[in-house]
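Order of writing sets the labels: A, B, C and D. Residues in every chain begin at 1.
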Amino acid sequence: MHESWQQFWAMGGYAGYVWSSYAIAAVVIVGNIVAPVIAHRHIARRIKNEEFDD
Amino acid sequence: MKRPRLGIRNLSCGRGEKALFQGLDISLVGGEAARVLGENGAGKTTLLRTLGGLQTPLSGEIVWESAQKRDADDPVLLKDELCFVGHDNALNAALTPVENLDVLMRLCGRPVAQPRIRETLAELGLKRLAHRPSGRLSAGQKRRVSLARLWLTDAPLWLLDEPASALDVDSRALLCARMAAHVAAGGIAVFTTHETLNLADVPVRSIELTPC
Amino acid sequence: MLSVFWAVLRRDLLLAFRQRGVLVHHLLFFVLVVALFPLGTGASPAILVTVSPALIWMSVLLAALLSLQRLFKPDYEDGTLEQYLLSPEPLALIALAKVLAYWLASGLIFVLASPLLVLLLGVPASAVPVIMASLLLGTPTLGLVGAIGTALTLSLPRAGLLLSLLIFPLYVPVLIFGAGAMRAAIEGLPAAGALYLLAALLMLGISTAPFAIAAALKISME
Amino acid sequence: MLWLHRFGSLPYFYRVSRPIALALAVPGVLLAVYGVYGGLVNAPVDYQQGDAFRILYIHVPSAWLSLFGYTSMAIAGAVALVWRLKLAEIFVVAAAPVGASFTFLALVTGSIWGKPMWGTWWVWDARLTSELILLFLYLGVIALHNAIESPRSAARACALLSVVGVINVPIIHFSVEWWNTLHQGPTVTRFGRPAMEMAMLWPLLCAALGFTLMFGWLTLWNMRAQLLWRERRSRWVKKVFSDA
């Protein structure tokens, strides 16, 4: 348990390690969400533009 | 004896995801040859490869009814009764024609003695080349060596992809005679060709491939 | 059924004999990697003996990678592979024959050449039998596993680097047990455990890899 | 079986995958947030590791997912090879980048956790080493998929590679373990593992479950894009976009 916000952010002196871990995790997860959405949109646009109708 | 039969039902084939032709239906019985017709890229090679089981059809089925079928528990599969001469000659450049043919005949389950291979090569006018590395033969000579399998095999079903490519007039006549003899004896031959192959009195049906 | 196995084995051994220059290249590659290594580290015997297990096994791995690329390629290019697939005999059996021929022509040479090389590195002669045994048991597994990778990349014109990415992770157990046996032998410890494990890997490889190779060849040919 | 057949139909899958993905995403994210919150805020400080143990609420679920993901790929791969189910092929290809990124995450967080614990960023510890090799196995599948031009062959090749890989995962793990006990010995400080308190364990389980659901969501998301690309020339895809 943390006594205060300040203590929470300090993470008992391990702040750099803990928060960098969580930041990287956030980046990885967001990347995994965004990448397929972009890919999907890109393909959908090309299909709508009838690029694959031969 | 029953005649062998090759049934093709509602066959659709393609390269990758794209269908080349659809809904092909034909039934061939022993004593018939069939020439596959179609423009470049219509899927002639794809059809032959699919019939040989090298490729899976997109849909439809291929049925082989063998003349040798003994009972239901012991089916004779198409692979057991097939001689497939593909686009490539299947000759290793470092092996001699005799060695190459020896292995090829063993692979298709019909081993033949080496003297017979030498005789056959001699009949095809390749006597002097029988023990030379295949890599040193000309394109036409290689094709003749590869086609020598047709003289060595007793398989009832032949699938031939452009068998006459690079052949001279005399060799082509030999090939036609051999194919006609095979079909006349109750075999089936499915082939593609750009040259005219005259199979004399044998019925030659057409398989027309129309692109979809 | 076995007649096809012997036919393919004999054919590939005959080819290896006809193209024996290539075998010499494999051997020279192995010798060169080992011989150049002291030039990089300094010739201190203590260091050389310590790193010799890793060095020998890494050079075997690299040599396997280079030579495996040609395992099915000539057959793929000249149409023989098509005939393997069309054969009524099991493709896995043909694949096993090809890998065995490949191993007899390359892996076995490493096994036979290894005593000379490890003595060059200052490894005690008492360790040589175990080292040879570890290579004898380990190199066929490398061939079997590597053949899966090379069959999968058959249709690619330049597969070298990709092939290393595919098969090196799978080589980890062989590397660990092989080098482990060698190190134990050098330190005078019992190496039987590692050798048994290598043998187990080999058994697993012989019984499963041919089917995977056959499946991979079919995928590549379609 | 009828259900399976219907699900195997690609337009049907494309239609229902969107609500299913959302149905996985909502509880997945909630559980993961709850677990992480519990780990960051509620769990008491570890008496040996201090607050650094809170990294484990990311690390452990990621490491679990790396194995879960590869196993699921291999199962789908086997299905794809045996029954030629197109969706299973697509699953293999779609799950690979997701699994690889969580494996990467497990490695990075493990390394960050190791720095204060072991005093160094990287230790050739058995589990970290196995995880690294698992990452290479994932990268191999991805690289193979990118290298082969025909999407069909590429997916089938990946399916086979993941099956071969999964047979090797336990062997690799065992060999690395064997190697580790032989050479590393007791030089690495290992903490005793007393039974975890419920306040510490409970959020961890929630986070792991949440991550697993999120894996399903992200993979479905990827599958939709893959499916669209592979079927871009088919009638049903054109119909989907002309109706919209």
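Simple rule for what comes next: a residue touches a chain if its C-beta (ideal position, glycine included) is under 8 Å from a C-beta of that chain, and two chains touch if they have at least 3 such contacts.
Everything numeric in this text was worked out from a predicted model, so none of it was measured.
Asker: If each hop has to land on a touching chain, what is the smallest number of hops from chain A to chain D?
Answerer: Steps on the shortest route: 1.
Asker: Of the chains shown, whose Cα centre falls closest to the middle of all protein Cα atoms?
Answerer: Ranked by how close its C-alpha centre lies to the overall one, first comes C.
Asker: Averaging each chain's C-alpha atoms to get its centre, pick out the one most distant from chain D.
Answerer: It is B.
Asker: Where the CA atoms of chain B average out and where those of chain D average out, how many Å apart are those spots?
Answerer: Once rounded, the distance between the two centres reads 48 Å.
Asker: Just the number, please: Cα centre separation of chain B and chain C in whole Å.
Answerer: Each chain reduced to its C-alpha mean, chain B and chain C end up 37 Å apart.
Asker: Report the inter-chain centroid distance for chain A and chain C in whole angstrom, where each centroid is the mean of the CA atoms.
Answerer: That gives a centre separation of 43 Å.
Asker: Starting from the mean Cα coordinates of chain A and chain B, work out the distance between those two points in Å.
Answerer: Chain centroid spacing, chain A to chain B, equals 57 Å.
Asker: What are the residues of chain D that contact at least two other chains?
Answerer: 152-153, 233
Asker: Indicate the residues of chain C shared as contacts by at least two other chains.
Answerer: In chain C, the residues touching two or more other chains are 222.
Asker: Would you please write down the residue numbers of chain B that are in contact with two or more other chains?
Answerer: Counting only residues that touch two or more other chains, chain B contributes 56.
Asker: Give the list of chain B residues in touch with chain C in this complex.
Answerer: My answer: residues 52-56, 77, 79-80, 82, 84, 86-95, 99, 102-104, 106-109, 111.
Asker: What residues of chain A sit close enough to touch chain D in their complex?
Answerer: By the definition above, chain A touches chain D via 1-2, 8, 11-14, 17-18, 20-22, 24-25, 28-29, 31-33, 35-37, 39-40, 43-44, 46-48, 52-54.
Asker: Any idea which chain D residues touch chain C in the complex?
Answerer: Chain D residues touching chain C: 81, 133, 136-137, 139-140, 143-144, 147-148, 152-153, 156-157, 160-161, 163-165, 167-168, 171-172, 174-176, 178-179, 182.
Asker: Quick check on the complex: what are the chain C residues that touch chain D?
Answerer: Against chain D, the touching part of chain C is residues 148, 152-153, 155-156, 159, 162, 165-166, 168-170, 172-173, 176-177, 180, 197, 201, 204, 208, 212, 215-216, 219-220, 222.
Asker: How about chain C: which of its residues touch chain B in the complex?
Answerer: 3-4, 7-8, 11, 14-15, 18-19, 74-75, 77-80, 82-89, 94, 221-222
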